[in-house]
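Shared chain: chain A. Partners: chain B in the first complex, chain C in the second.
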Partner chain A sequence: MFKKQILLSARLGSCQALNPFRANAVSRFYASGKAVALTADTYSDKVQRDSKYKKLDEKDLLFFRDILKDGNYMISNEQDLEFYNEDWMRKYKGQSQLVLKPKTTEQVSEIMKYCNAQKLAVVPQGGNTGLVGGSIPVFDEIILSLSNMNKIRSFDSVSGILKCDAGVILENADNFLAENGYIFPLDLGAKGSCHVGGVCATNAGGLRLLRYGSLHGTVLGLEAVLPDGTIYSSIDALRKDNTGYDFKQLLIGSEGTLGVITGVSILCPSRPTSTNVAFLAVSSYETVQKVFVGARKELSEILSAFEFMDGKSQLLTGRYLKADHPIESGDYPFYVLIETSGSNRDHDMEKLETFLANAMEEGLVDDGIIAQDEAQSQSLWSWRESIPEASAHDGGVYKYDVSIPLKDLYGLVEAAETKLNEANLVDIDSNDKPVVGAIGYGHLGDGNLHLNVCVREYNKNIEKTLEPFVYEWIQEKQGSISAEHGLGFQKKNYIGYSKSDVEIKLIKDIKNHYDPNGILNPYKYV
Partner chain B sequence: MFKKQILLSARLGSCQALNPFRANAVSRFYASGKAVALTADTYSDKVQRDSKYKKLDEKDLLFFRDILKDGNYMISNEQDLEFYNEDWMRKYKGQSQLVLKPKTTEQVSEIMKYCNAQKLAVVPQGGNTGLVGGSIPVFDEIILSLSNMNKIRSFDSVSGILKCDAGVILENADNFLAENGYIFPLDLGAKGSCHVGGVCATNAGGLRLLRYGSLHGTVLGLEAVLPDGTIYSSIDALRKDNTGYDFKQLLIGSEGTLGVITGVSILCPSRPTSTNVAFLAVSSYETVQKVFVGARKELSEILSAFEFMDGKSQLLTGRYLKADHPIESGDYPFYVLIETSGSNRDHDMEKLETFLANAMEEGLVDDGIIAQDEAQSQSLWSWRESIPEASAHDGGVYKYDVSIPLKDLYGLVEAAETKLNEANLVDIDSNDKPVVGAIGYGHLGDGNLHLNVCVREYNKNIEKTLEPFVYEWIQEKQGSISAEHGLGFQKKNYIGYSKSDVEIKLIKDIKNHYDPNGILNPYKYV
Partner chain C sequence: MSSKLKILVPLKRVIDFATKPRINKAGTGVETTGVKFSMNPFCDIALEESLRIREANKDIVEKIHAVSIGPTKAQDILRTALAKGADTSTLVDVGNEEVEPLIVAKLLQKVVEKEQSNLIILGKQAIDDDANQTGQILAGLLNWPQATNASKVEIDGTKVTVTREVDGGSDTLSAELPMIITADLRLNEPRYATLPNVMKAKKKPLEKLKSSDLGVELVSRLETLKVEEPPARAAGVKVGSVDELVSKLKEVKAI
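What follows is the complex of A and B.
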């Protein structure tokens, strides 16, 4: 039997204060206090401003002011621009002189039409929570922020179809749905800041893809402005519609390079009335996989998340949270968070307890805890969701978000750690070395690993040690160099490690076909 | 309480013999005995052969023989060609003089390269179970049958990823998966004949979309030959891969107009260990909707199908099956089939019985039955799955597969029936009138109605009464003229009722861009 004493809610008491962290997962870190270096300087060997793009002038500003009707919807003073020019990891910094914040799709269309005619480069920006520098200008691109387009358009409580502006914050959308008994079919740590439109442009995966599937399946329609200003809309599509090529699918995951998403229609499932969270300690990566296979079989339709974390990720998270780990019986090499979501509390708990009892009996799980209420569930989640912040806490983080066949998945973390040690770059405690450590965690249920190399500063030596080594390692295992974060600026030059020449040719051809002037999100993606 | 007497398995005894029908859902009907008219003759006012396409000559035959190595992989005698030239509804008939049955992707590539250079038109054909004439030539197009590419390539029992040739029959794929504890995430009446590749090309929805979502979400990768012979492959993609535009999504639902799908990689869920089926009698369409809302809420994660059927569809199915209806207590205007799939029989049955008890108590359900074993489940399903055959049994059927907002869904059947009656075309019993009746059924859970107009013969008068009337009615309700069957030949000219000018322009542009010579599946789609 699963030990009853580890179910005691008292053990979770210390975590409850952590809940607020969740909504702030993308708040910025200024731990190092250093100014962020310009991307153009850091990567001057890799990228130069393309002279085909026009430089912004006074006439352009007048034109935009005329479109937007109100000067409040434009930002052009240096201090206010900083927020839009820097990414939250403080790794990339652009030099845009202008942020436009339209309120309607028609305004976006007029802006794009003008920029296309004038050859002014544009970077669409949502909540600016991206992890590959995709929503930050590299040089002087105009930033087109969707933050003023933030209305729920409609919700049909029979079909579960939500239609909203692209700039609606994910958490706001989910809270709205909760009031109607529904749930947004995607959740991620940045939910308090990221936009629904940005999530689609990124094709974000997040924490519950395991249960609700990818956005390619759940997004029913998009409204978007193409580079020439054309307004494309499939936002009124019903759940099933087989009339012609599904163009919107190209926009999902296009990272703002093909069109500016302005509206989203998405199919939302009924909100589960019963959610359970268990946190388990496991002694090896091999055993983690066995726990996964068992969980998928026994928890089946109620399994909504299967996240794994290595011991070092929990050590750093504990330091960052200044809190005791929920599993107190010792340091374990691996931890697993299992979430179930269903419609009947008794049934779900019976399934979960039976599964855990079996796992304990088979010796797969060394210790564990089940949350007794919603607050405890969130506390346990915080030990997973705070990892990104904990990773960057000492100064910065090199993030690799990759897909690798399950059996080899954790091998990448070990390989990266070895490589960094060989270069004599790592010390978890001493400030003398630039690297704190390499940690691994992620959505095991989706074959998705997050390798985070936690650093005290960004430097070329670390980057050269890691790249292309990490990408070569992934290619050898037939993995993907970007599972859910996208290509952005960071991975633009590495797509060849994941895609064949034919695929890359097709991708470039699509870009050239729809954006012949290349004005949308240049220097990135492909 | 839900009446116990209606749970008696004895009531289902008479249906058990019906199981075999399921696998044969697409067997052909020759009830009328009449020869099928040539599409070129029936629609001579709408379509002429395009003289830009070359006519097949002896040199071409020699070339193909050389590629295929073996004359057995080519069909050119009239009698054998008939099977490939006619659709199963006996509504469309082409005049192809040649069927090619390659065994490898490379052979498909060589064939396409040659046809593109020579401007020979090609129709890719899977199991030939389409319902819009999409896989039948209109004139003398070469038929490229995928039936010889029928191997399972690999299956990963940890991730659930199946890779197979496009020509694998859906039921064979599902049986293979069953042996491994997995299920194909799509099911449809034609499973005994349709191909996995054809299902993707059609973006078929089928019976369990409600549970497992659309192919846009579950298909992980495709291998396909483009019109110029280029072999595109994303078949080794992992579950999550955000590196570039997702080109394969354009192929899903492209109906053979953009590329020839030769291989499929698809994510398969664990096979549910417990399946229950209930069949209910309901007194109005309004009540059917209430039963649906209740079922989705209470059955939630285990609800795997919610099908509705009108009384007339069951009357015709009863005649066709020569069997008594499972619900014997009278003729009801509507019936509902509910399927649950889960991992714990006791839990599932408790949920289903509680739901049904509540529905009875609220007066939503007039009578009902729950299958007691697998054979009874299949018997109940046969009253839903035999409707397409029953519809065509008197001679033919005009099929409309549409999406309409739920509240208006059944209104289309009533409107069509009224229109046909006004034209004095209908008599359910007498052979004096050409129309037997208009029936409605479908995947209510997906907002998907099948309107079948059952006829004793195909004639222009019926067609003119129905079209464009049906499409205009759908457009007024903001529905889709094709939910899951596609456009094919039947709906090519009606896309404007579902798509905007911008969307149609994009679709035509995609077609012209990838198939500039227009050799793939001409006269159809767009």
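What follows is the complex of A and C.
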């Protein structure tokens, strides 16, 4: 798996530059230099500030200062606030005047209790890598950043249970586990920035879901502060516990609307000692599915990732990385990245090579490469993991992260491209058109497609062409309008395309029960 | 000597450069169980250069022969080399024995004689022991001209010109074949082995020899006394003011 490691310095000295892509972890990346428009302006037809929320005043600041003990844990100057007010895609921008960075669960509790009493709206923020505008305020909500709660609490090397603060960066957690021979059961392109708490709050899926399942299975317990300041904790839960409602499941995927997650307990598998990566060129989407069926059957227990990418996504990634594609024999309509993880290199390699040889023989695969070492593995992964950055590189990106039955999955990209072409909005090379192109890629193994419409600027015309068209298309195919990124601000009004009235009512009931004042992450979710 | 090139590329199997080496419990070396091994990156660059020479100079290369001195498992990197384009290969199986550069060079000398090679391209060093000696010792044993740390190689008939990066500029050497070149990091960027070639490589020749077949005895002149981690970096301190910074720096005699 793609990983960043600290090398013994003596070893590194002479070969530091061997892998041009090793610093791929997403830190803070900017799509373009253009200023981001305020969400409140762009979407003034959609939302207005609710006057029931109090506006921040001097007294509040004094109170928070008193709780946090130290001015360094509060941010209120314009320039520093910007980082917290803008989202990763540079599509949304809030106007918060205050960021609070507590260090303890008790501080979070006191903050929430006060905000609830005062009706001050709050947005919990992790690594701010969310892709649906959920992690930043819409208006002047206070930002509660978990980034100072960044300690590993404990690790049990027999059971593999990791307990940590919510603000631990995913990659740090995984590096810590690697030292102990374990692996975090979730991995995604934003690992260098996103938080363990953040991935739980969004129920992120990512690159290892195929192998290790969703967080609903691997998270054993959570510690969270409810809107009224109550501290809930199931962090000491064991793997098997059938006593009462499993409340933490509601928090997983609640996107900061139900409670502030402050601690996480998660069951980690032992780290595979042998991983192999192959990158394949495939001529059609039908064939991609055949390769997938074959991979599942022949690689079975060692298959750990099956990612597919269309030709255009690779073209844009090549432009962004300023590199030639690793498959040099030509441009192909589709590419597949297969990863195996196991404990016996010879066994795994033999399986992989047999599978690939068969796939070549049957004409399913046109060309392909197998990484010979870790550097090549990482570099191949970068052709998958850099797509999100590449897709936003020309100015911005409209992201649709959807689940659709496999046979129809790629049809959405073609439909979107056709629709945009009809509206005469697309040109991959010319700056005269606002849209660069529609690309598709994703975790095919999980029936999950990322449709990214790469644009040179965000504009209403593009958005109107795509929405609700995309959502209607998905509904017709019985898909989900958000497979893993969640609802956030972007998809708030579209939940009806994937959930029934009964389901939506139940969600609203729960929200109103735990957050009657609606202070947690308002204007979003449902 | 015929003007056709018979290139020999020696390859070493080492712990993958991206994995963090751990010292074994006895403190006598690096832990090797459960650790990923790959081709030494500099050897990969040497191999790549031999392939590029063949591609850039039509019909001038008669053969590229890869050789590895190492455990049976070193076959894996030879297969990779064959997949990338080496024509034939030899494994000199020395088991798990660590072999010192002098012995490696002696074994290579025998292979050179056997293969009648007239151009040897090696990595400048292996990233495990960082010895940076094999190419040079081999040049001495064969009494051939050598150009170490090459960043550019040009061939014109039997004349080889090599550019090396040196402090403050570059150094250009040229010599007639036969010759030894050791490869530096910036010489090229190695390719990937493509799937069709990986399959074909399974049928390419891989000869297996023991050191005794080459009449070389595996003796060690050096004894490793101890292997240690570099000392951990001490944590930094936060200072509240410039004055405090200055006084702290003075304290540790940094200014």
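Just so it is clear, the second predicted complex is superposed on the first by the 494 of 526 C-alpha atoms of A that agree within 3 Å, B and C clash if a C-alpha of one lies under 4 Å from a C-alpha of the other, contacts with A are read in each partner's own complex, and residues count from 1 in each chain.
FYI, contacts are C-beta pairs under 8 Å (C-beta built on N, C-alpha and C of every residue); 3 or more make two chains touch, one makes a residue touch a chain.
For clarity, every value in this text was computed on a predicted model and none was experimentally measured.
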Partner chain(s) touched by A:L409 [first = chain B, second = chain C, both, neither]: neither
Which superposed partner A:V453 touches (first chain B, second chain C, both, neither): neither
Which superposed partner A:L316 touches (first chain B, second chain C, both, neither): neither
Contact breadth on chain A, by residue count: chain C or chain B: B
Which of chain B and chain C A:S500 touches, first, second, both or neither: first
First, second, both or neither for A:A40, with chain B first and chain C second: neither
Footprint of chain C on chain A - complex, ascending: 3, 5-11, 14-15, 17-19, 22, 273-274, 278, 280, 326-329, 345, 353, 356-357, 360, 365, 367-376, 378
Residues of chain C defined as touching chain A within the complex: 16-21, 34-36, 38-39, 41-42, 44, 77, 80, 125, 127, 130, 185-186, 191-196, 198-199, 229-230
Complex contact set, residues of chain B against chain A: 156, 158-159, 181, 202-203, 205, 209, 213-214, 216-218, 230-234, 236-247, 249-250, 252-254, 258, 270, 272, 289, 292-293, 296-302, 341-344, 347, 350-351, 403-407, 443, 446-448, 478-487, 491, 495, 498-500, 502-504, 506-507, 510-511, 513, 525-526
